[in-house]
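Take a look at these structures.
Each of the next two complexes has chain A plus one more chain, namely chain B in the first and chain C in the second.
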Partner chain A sequence: MRKEKIFRASKYLFLISISFLSLFPLLWMFIAATNKSVDVLAGTLFPGTNLVENFKTLTANTNLYRAMWNSFKYAAVTTLASLLVSSLAGYGFEIYHDRGKDFLMNILLLSMMVPFAVIMVPLYMLFGNLGLLNTTAGFALPTVSTAFLIFLFRQSSRNFPHEVIEASRLDGLTEVGIFFRMFIPIMRSTYAAAAVITFMNAWNNYLWPLIIMQKESARTMPLLISNLTAGYTIDYGVLMLAVGISILPTLIIFLALQKNFAEGVTGSAK
Partner chain B sequence: MIHTTIEKIKSYKNGFSINTKHKLIGWFFVIPGALLIFSFYFYPIIRAFILSLQGGVGNNLRFAGLFNYKRLLQDGLFKQSMFNVFIYLILQVPIMLSLALILAGILNDRTLKFRSFFRTAIFVPCATSLVSYAIIFRSMFALDGFINTILMNLNILAEPINWLGGPWTARLLIVIGLTWRWTGYNMIFYLAGLQNIDPAIYEAAKIDGASAFDRLTKITIPILKPIILLTTIMSTNGTLQIFDETQNLTSGGPANATLSVSQYIYRLSFEYVPRFGYAAAIAFVVFIIVAVLSFMQLKVGDER
Partner chain C sequence: MKKKLTVLFLMLMMLAGFSTLSFAQENATITVWCWDPNFNIYAMEKAADIYKDINPNVTVDVQEVAWEDIQTRLSTSLSANQTKDLPDIVLMQDNALIKNVSSFPDAFYDLSDSGINFDKFADFKVELTTVDGRNYGVPFDNGAAINAMRVDVLEEAGYTIDDFTDITWKEFIEKGSKVREKTGKPLLSAIAGESDLLMVMLQSTGNWLFDSNGEPYITENEALKEVIRVYQELLKKKILVEVNDWDQYISSFQSGTVAGTMNGAWIIGSIVPVEEQAGDWRITNIPRFGSIEGATNYSSQGGSSWMVMASSKNPELAADFLNQTFAGSKELYETILPSSGALATYLPAGDSEVYNEPHPYFGGQKIYSDITDFASRVPRVKYGIYNYEARDAVSTAITQIMQGQNIMDALNEAQSTVEFQMW
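Now for the complex of A and B:
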């Protein structure tokens, strides 16, 4: 019995220390954002009074609002377009499946094996030729259709009751009508999961915008904070405030929709 | 009204023509998505291969045969970047996946207090972008940064450690960072898998006198095998492609000790005098390595 107790206590101790290590860097970032750079380096662990000052310095030296708006615009367009295209495809692959479509699906899945670094140079050349550098469409297009999301929607279409389809056909709904009027409302939770994951990926994307967003006015938040570290002396208070601002939206979405996020992450693994 | 409904049912039951029509309509559902994947994944792969057979600077490209592939065999930086990513892979993936598995095992216990708090706390790093966390870690581990200050105040260190200045401490930082960011992510996969296991199996094993370790190795791991395989393949691919962290945490330094292959491709294409052909050759080698490793892992996973 004693042994059991020690085992249980050590389990909690282990969980508490891992949780602490997980949360601490984020906590430290928010504390640092409210302090002067010297205090951050001196190792302070208390919220300071320099938050407003840091914010003024940040907005004076960078195009913060522009970068926030760009990130939001790119991520929102990517999410809407990719939910539509990928769910249409996932639904089509499952509901109307035949040999040809099953084969095509298997081919599409191979695209998950393609590392981005491998295709970035040809993609960059292609988008340059199409005149899509520095544009929202340029940001979104490579991730509008992903095998991951198509697969997720194909798996969830399996749970879509066939009786609904048949009843809707008898009621005279067209095939496209069934998809928009029946499938989308019934599959809300799958859409939520897919939206959370797509939005966060787009918001956090770094390498692709680094390549194609060459104009200052087209830059995103990850590019902005990455640029802040380029100077010789770094103002850590300002830097951590910028990082904090870029993390806050995804952190809120994460905490509010954690269940959907977990579903989206693991959805295609089931 | 009733008549038309009956007509419809009849025509539906006749089936074949309608069925063919539906299958045809189905193609319109899948074609936009498929076309986009062909344009932005498969076409660029073919382009990358053609490009890799070309030499020259900028857009002045001409056919060069296998010259680029011969060149990379003698390229010290290419070998260095390959070495670096394999170090990350060998050190980080096993540590992270075992930790994730242990955590999932503990958190699957329904009698555990504060279970959802622990779960959220360990999962929360996933909400941060790779660039953001890389910069947080870089700031914390700076020479005059928080970690050194605290360690010196606690008299654990006499002199600050130059984390970002030494090749192995810098690599260690990348490994620590990756583990911090992705352990919770993988844990979620294992938790989802564990939920499909009937708790009665564990009860029965306990009654039969199986230790916690036995239960892990004889029940949990075999049942989770497909998910462990999936996470291994995902982490392997992710690590081989690492870019954001080595770019923002260590900037590839010191002296290219943390430079990743993706970063080297990026530099060859966009930072140095652009050599798209040579960059494409390296990219194509990475593609082959990723494909072969995934295939090998699938094979090994099948046999066990």
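Now for the complex of A and C:
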């Protein structure tokens, strides 16, 4: 009995210390956001009184609200569009399965091997010629159909009961109807997982918006943060506050979809 | 009939074109990309205010873009030949200027015949912005190297700032050891694996990593070997400590762990925020290499210049704007200096009263006129196209040498790395 208690205590101690280690940078970021730059560099671990001051500096020097709105708009559009396109593709690859589609899927997966930096210049050229620079469509299109998402949806479609499709067909649903009225509601945990991943990627995307959103009015949060690190003298308090603010939307979305996210990720791996 | 219509249509198009063109000239906007709101952006906005009086129809739109971001956008846009969204003026790091001009020969506007008088700028800066005899940039911020020191710490060891002025590295090491002994504090800190301090030392000798033909000059470079030897000695005697990154570097002198720093004059911006140390700092020139012929007490590190893009709709206007402000307005430099510490390489500004104001943080020292004087004495060197590559290769070599590798082997490797990249 005692042995068990010690074991349990040490287990919890271990877990607590590991969680502290992984949460510490986040905690430190929020603490730093309340301190002066000099104190941040001195390594203070206590919340300071400079939060309001930092916020005033941040909003005075940058267009914070605009950047937040831009990031949100682009990320939301990208998420909706890529969920629709990629899930439809993943569904198609699995449900209307044949040898040709398998081959195509393999080619698609190969595209995951090509780093973005390689296709950046031709892509930029193409978008420039299409007149899509500084537009939401320009932001979203390159990531609307990604091999990763299609693969995720194809794998989870394997768990989708074929009986449902048969029954729906018998009851007179069209093929499109089956997708929208049966597949989407049943696979919502996969959608939640995909939404979190896509939103986070779009929100954090740096290189592509950097070159395609060259107008100041189209600037996103990562670009704004990049500017904060560019001075000869960096204000770390303000910088940490900006980073703290910029992770809020992804944090909220993750927490809201957390339960489904875990299900979705483990589900696809079955 | 069809032909007539086409001609009519073309004429209409031309008319529309001309009307927008003349409209653009009446009310033009000059877009600028630069970084740092307290420094470059502030200076550019003040320049815009001054130009407003000269040419009221021109608006200057200053956009904040970090340096790495400017470089990424320039490379992508110029490679993709999509220059529509590029600004009229960009701020360019001196280290990267020649490479950008050489990689994209038609992308930057040649300022040689724009009426700008380049003789009014510090020699070494003009050299860094000149490619094949043509001027591509209006020199801006001053990267003249300074040796900033805590006199309260020096005093404990019985020294004043004068004991560290116009000295050689040999004397610096002697005195530094004594300071270290008495106070336990090193005089310098540097980021491990980065070559900034070494390059400051190397440029002060008038040598660089490339010879006059632009060929890598590393293995045979006796000055470089001497620089490395001195750097090692500084480390061994603990007068110099190495830190891991930029934040630690700043914090090392802000927190008082080290009693000084050597860098471009812009480092002052990171010294002055520490209120407790007000009055304790002084600035002097850097030590010279007694054993190298032609070596000086002056050098430079970092710094940037304004460039006009050839893709600009109005390159002449943009050049005129720079000519009337950064290359012709003492008033501009007098305005930006006190509030931002933005030091110029525009020599006439050095005589200005504002530049001769004593600085309270530095115990009333006239640091600005001192630094302008340093700037005029910095040896001219040509950074070359492969400057960043060479600096990286040498940094790697230094790290290897510090880990005990033979100097010649490491430098040979650096030389062949650069040669390979140039090939």
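Note that in this section the second predicted complex is superposed on the first by the 230 of 270 C-alpha atoms of A that agree within 3 Å, B and C clash if a C-alpha of one lies under 4 Å from a C-alpha of the other, contacts with A are read in each partner's own complex, and residues count from 1 in each chain.
Following the convention adopted for this analysis, a residue touches a chain if its C-beta (ideal position, glycine included) is under 8 Å from a C-beta of that chain, and two chains touch if they have at least 3 such contacts.
Everything numeric here is computed off the predicted structure, so don't read it as measured data.
Q: Should the superposition on chain A be reported as showing a clash between chain B and chain C, or a fit?
A: The answer is clash.
Q: Check the contacts made with chain A and report whether chain B or chain C touches more of its residues.
A: B
Q: Using the superposition on chain A described above, determine whether A:I197 touches chain B (first), chain C (second), both, or neither.
A: Neither partner.
Q: Could you tell me if A:G231 is touching chain B, chain C, both of them or neither one (first, second, both, neither)?
A: So A:G231 only meets chain C here.
Q: Once the shared chain is lined up, is A:N134 touching chain B (first), chain C (second), both, or neither of them?
A: The answer is second: A:N134 touches chain C but not chain B.
Q: Which partner chains sit in contact with A:M187 here, chain B, chain C, both or neither? Use first/second/both/neither.
A: neither
Q: Quick one: is A:A33 in contact with chain B, with chain C, with both, or with neither? Answer first, second, both or neither.
A: In the superposition, A:A33 contacts neither chain B nor chain C.
Q: Identify the partner contact of A:I178: answer first if only chain B is touched, second if only chain C is, both if each is, neither if none is.
A: Neither chain B nor chain C is touched by A:I178.
Q: For A:A147, select first, second, both or neither according to whether it touches chain B, chain C, the two together, or no partner.
A: A:A147 contacts chain B only, not chain C.
Q: Between chain B and chain C, whom does A:A42 touch in the aligned arrangement: first, second, both, or neither?
A: So A:A42 meets both chain B and chain C here.
Q: After the superposition on A, what does A:N61 contact: first (chain B), second (chain C), both or neither?
A: In the superposition, A:N61 contacts chain C only.
Q: Check each of 187-195, 223-231 or 367-375 in chain C against chain B and return the one that clashes.
A: Looking at 187-195, 223-231 or 367-375, the stretch of chain C that collides with chain B is 187-195.
Q: Indicate the residue numbers of chain A shared between its chain B interface and its chain C interface, in ascending order.
A: 41-43, 120-122, 124-125, 207, 211, 226, 229, 236.
Q: In their complex, what parts of chain A are in touch with chain B?
A: Where chain A meets chain B, its residues are 7, 11-12, 14-15, 18-19, 21-23, 25-26, 28-29, 32, 40-43, 85-86, 88-93, 95-98, 101, 104, 108, 111, 113-126, 141-142, 144-147, 150, 166, 169-170, 175, 179, 200, 203-204, 206-207, 211, 222, 225-226, 228-229, 234, 236, 239-240, 243, 246-247, 250-251, 253-255, 258, 261-262, 265-266, 269-270.
Q: What residues of chain A sit close enough to touch chain C in their complex?
A: Per the touch definition, chain A meets chain C at residues 37-38, 41-43, 61-62, 120-122, 124-125, 128-129, 133-134, 207, 210-211, 214-216, 223, 226-227, 229-233, 236.
Q: If you look only at chain B, which of its residues touch chain A in the complex?
A: 5, 8-9, 12, 22-23, 25-30, 32-37, 40-45, 47-48, 51, 103, 106-107, 112-113, 117-118, 120-133, 135-140, 142, 144-146, 149-150, 153, 180, 184-185, 188-189, 192-193, 212, 227, 230, 237, 240-241, 243-244, 247-248, 261-262, 265-266, 269-270, 276, 279-280, 283-284, 286-287, 290-291, 294
Q: Which residues, counting only chain C, touch chain A once they are in their complex?
A: Residues 35-39, 61, 63-69, 72-73, 76-77, 79-82, 84-86, 247, 250-251, 254-255, 266-267, 269-270, 273-274 of chain C touch chain A in their complex.
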